[in-house]
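Here subunit A shows up in two complexes: once beside subunit B, once beside subunit C.
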Partner chain A sequence: MRLLLVDDEEELVSTLAERLTMRGIDATWVTNYQEALAAVEREHFDLALLDVRLPQMNGLELKRLIAARRPEMKFIFLTGHGSEEDFEACSAESGPEYYLIKPVQIEVLMAKINELTQS
Partner chain B sequence: MYDHPATADSRGLHFFGVMTASISHELKNALAIINENAGLLGDLALLAEKGRPLEPERLKVQAERIRQQVRRADDIIRRLNRFAHSAHEGPTGTDIYEVLEFTLALAARLAAMKSVSLTVQGGPPLQLEVRLFQLGNLLWLYLQQVLAVVPDGPSGVVFAASDAGEAVMVSLRCDKVPATTIVAAVEQEGQPLLMTLGATVHLETDTLLLRIPKRSQVMR
Partner chain C sequence: MPLLDRFKPKFLDHHDQSSGMYKSLFNFRLLWKQSIAITLAVVLLPLFTLAFVNYRVSTDAVESELLLRTSRLVSNARRTLTAYLHERIIALNFLILDTSFEQLNSQTRLGDLLNHLKSGLGEWHDLGLIDHTGIQVNYAGPDNLRGIDYSRQEWYSKLNYKDQESYHDTIGMRSDISDIFLGFRKAPHLVVSVLHNNPEGQHYILRAGLQIAPLNNILTHLEVRGDGDAFLINHKGVIQTPSRYYGEIMTRFPLPVPPPSDRTEVFEGKDHLGRAIVTGYAYITGTPFILMVIKQKSTLMAGWEAARTKLLIFLAGSVLAILAVVFSICTYLVNSIYRADQKRLASLHQVEYANKMASIGRLSAGVAHEINNPLAIINEKAGLIKDLFTFRQEYANDHRLIGLVEAIIAAVDRCATITRQLLNFARNIQVTLQKVDIRQVVADVLAFQNKEAGYRNIEIKVAISEDVPEFFSDRGKLQQIFINLVNNAFAAMKEGGRLEILCRLSDDGSHIVTKVSDTGCGIPPENIKKIFEPFFTTKSGSGGTGLGLSITYGLVREIGGTIDIESTIDTGTSFTITLPVEYPKQQGEHNAPIAG
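What follows is the complex of A and B.
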């Protein structure tokens, strides 16, 4: 299973990618929307984990751009806010179950990944 | 940008809200990195139990990363504390560069979201007595206007200061947003703050100038 992680905090996204790789997931990480779009053009991913707040573009908008190129991909949103506004926006995009608040417990993330990729 | 009349209080509440929300987001990121690095240490320990050797150097790197994020979180909280106190303090003697650096530190993350870098051009110490919260609010108003119209791609804002006798002159310049395009909005939205500070706005080519009296002229 191939996963793309997008978050502007490099240390966060690289460490999370390493932990997911330990759990058998082929995880690639990038820190901005430009690298994310280039990655999906080059390679196939089953799932993307997107930070809601990215430089110059929010995760919801990035999801739309990626989905236009790769309609088969699934998405999980990560946010540091946990605000009602973020929740409603993410729910409208992908459903309330695909929204996690930082800091994330990896067992919860793995459960969401398994749920999404097996459905 | 605002849905309520411009008063010093309404602008101040908005400024306080925007900054504390940004600070809370920064803190969440620091905590998330600590969480992942601590989690990775746990993962390495589990692998060691299954026979994979522990690498001491790796453990040292992880420990140092956690320490760095703790220091980062501590800095963020110190900044929040100072910001919160400034909201209820009266005029305070300070160096203008300290005020500029502090305001830029508060706004840095929000500016980075639009790929705008913030810089203070240093100079010799320049003391004034000023209401820190209201001055920070005014500087933020300028930045807010810049961030609302700045084109995509990297850009920079430079803050500088100079001695103007009984006043300090603060210059604000963005390489991609001429001051002429936003001066009216800054003057209009910032009017209550300008009055509180006894400050005035001037235009010099592409640069916005704020003239701030060295001694607070408002009743305490």
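What follows is the complex of A and C.
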């Protein structure tokens, strides 16, 4: 079970990665889309957790780029904003239940991850 | 008073309290007064002017017609009288020319002549012959007047010496007509005399007494309208023929003798009793008589006055009708303007409120977003600490530290709840339309609350009228709205309150109107304006965030409805939600572009 975390907040993404690792998930984190794309090129991931508002490229476009390379990958969006436009666009891509607003309790996140990986 | 209040237009009580951009465009009371005044002036002024002018013209016409008629009557009567008297003189003149003094001096001959005159010209009383000494030498008639000396009498000397003013000047005869007098016989009569000079230079006079009945006849048969009175007076003002109102024969005429004139004269004035009269008179030339025709003006004008009264009543009626119409039209128009203005104010207010809420929404979303990221970091760091404690044995038994970390996470949770609610308020999450039965929605909501209601002894009454149809709306949002309102009501009520949910179709059938009322503590007027703003709460200390009603407001707007509040302190609060039966189509509802 390999997970890619993409968020420009390093403090957040590193800590979250560490906590997920404690829970038995092989989590890798990056803070921008270039690194994210590089990681996807390099390695295999089952799942990506994407921030919607990334510098230079939003999470949705990133998701499309990744999905083009790795069609089998699943996605969860994580955002602090939750505007109507974001919600509509992202839930159209991934389903509204995988659009999460920060802060998220680790148990909730784990539940979503399990749902996605088991389906 | 309540009846009066029902008809009293609302704008009369309108007092402009607002200021700035919401200030009313008009002062309605002034507008109303001005339009009534101007309309009335424009309508009534010409009406009154016309009525007045018409009245003057008509009165003048009627009066001059009156004078003209009187004048015509007097002229005719004068002509008749003149002809009558002239005829007598001509008859006498014929006799005196045709018959010699000797023949006239014969008793039988004079008697025959009198009889002939009586049979031909009627109403001759007697006939006498007076010689140049003034002695009546022969007489025919019922009285024995032979031998009477007339030489000292005025008419005799006038006939003898004063030629100029006598009747004969114009017709070539020396004649005289006397006043009407009582004479030796003590009966009113008049005397006509004709003088003749024989070739020897000695004159003699033929004198005839006339009864006044024919004169009276002529005068009484005049058709004098208006309680008219036609009679003769002489130049000295003594009444000569019977008068209806102005005295007995041979008495003095109570009014001044009118000034001499060759023509028929008519004038208006007052009589000795102060009555308004129209007087027509004419001097009958060659006689001592003045023909008087006096009419009572009040009787003459009675017909005109009746017509005038009708006109005045008609005028008054018209004025009343105009007043009524102008009053009602002005009131109606000003009231329409007033209502339109009120609507304008209401929609302005609504727009302003919606704008304000939208601004607050944007602000909230911004704040929530900015806070959510640091909040997430706190959450994860605290979570990691907790994880470390949980996963590593050396900290696992330090309950105090774990408690601290859990307190941090709980606080983060509370913050997260607030920021989510803020976002909920701010964003219009996609509306999912489905057919909704409001009965079911209310029932579902109350299912959660029945337990608490029973526990707190709160009575719940639901009345949804039969004609409320199923309609398209967002079921989840509708549920959320009712949950919020019911929670709110429960929070406002103490034990033993009453919650009412009434639902009906609006009068035009286009909206579903739902009223949620409680018997709670009510909301002070100063708070009602702020009640839908985020973070406005009165439930301080009891865990309220002040977001419930603002979210409710947002939800109602999202599904195309409006929400209103009425509240009375200590009596209760009702929220009225008006939802469209036809869900309004919003542009770009399902294909909103992605914001960058």
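The criterion applied here is as follows: the second predicted complex is superposed on the first by the 119 of 119 C-alpha atoms of A that agree within 3 Å, B and C clash if a C-alpha of one lies under 4 Å from a C-alpha of the other, contacts with A are read in each partner's own complex, and residues count from 1 in each chain.
One rule holds for everything that comes next: a residue touches a chain if its C-beta (ideal position, glycine included) is under 8 Å from a C-beta of that chain, and two chains touch if they have at least 3 such contacts.
Bear in mind the structure is a predicted one, so any value in this text is a computation, not a measurement.
Residue by residue along subunit A, subunit B and subunit C are tallied for touches, and C comes out ahead.
Contacts of A:Glu88 after superposition: subunit C is touched, whereas subunit B is not reached. When the two complexes are overlaid on their common chain A, residue A:Pro55 makes contact with subunit B while staying clear of subunit C. 9, 11-12, 15-16, 18-19, 22, 80-81, 102-104, 106 are the residues of subunit A that lie in the contact sets of both subunit B and subunit C, per the superposition on chain A. Remark: subunit A residues 9, 11-12, 15-16, 18-19, 22, 58, 60, 80-89, 91, 101-106 touch subunit C in the complex.
On subunit A, the positions that touch subunit B within their shared complex are 9, 11-12, 15-16, 18-19, 22, 53-56, 80-81, 102-104, 106.
Of all residues in subunit C, those touching subunit A in their complex are 365, 368-370, 372-373, 375-381, 383-384, 387, 391, 409, 412-413, 416, 419-420, 423, 427-430, 592-596.
Partner subunit A is touched in their complex by these residues of subunit B: 21, 24-25, 28-29, 31-37, 39-40, 43, 47, 65, 69, 112-115, 152.
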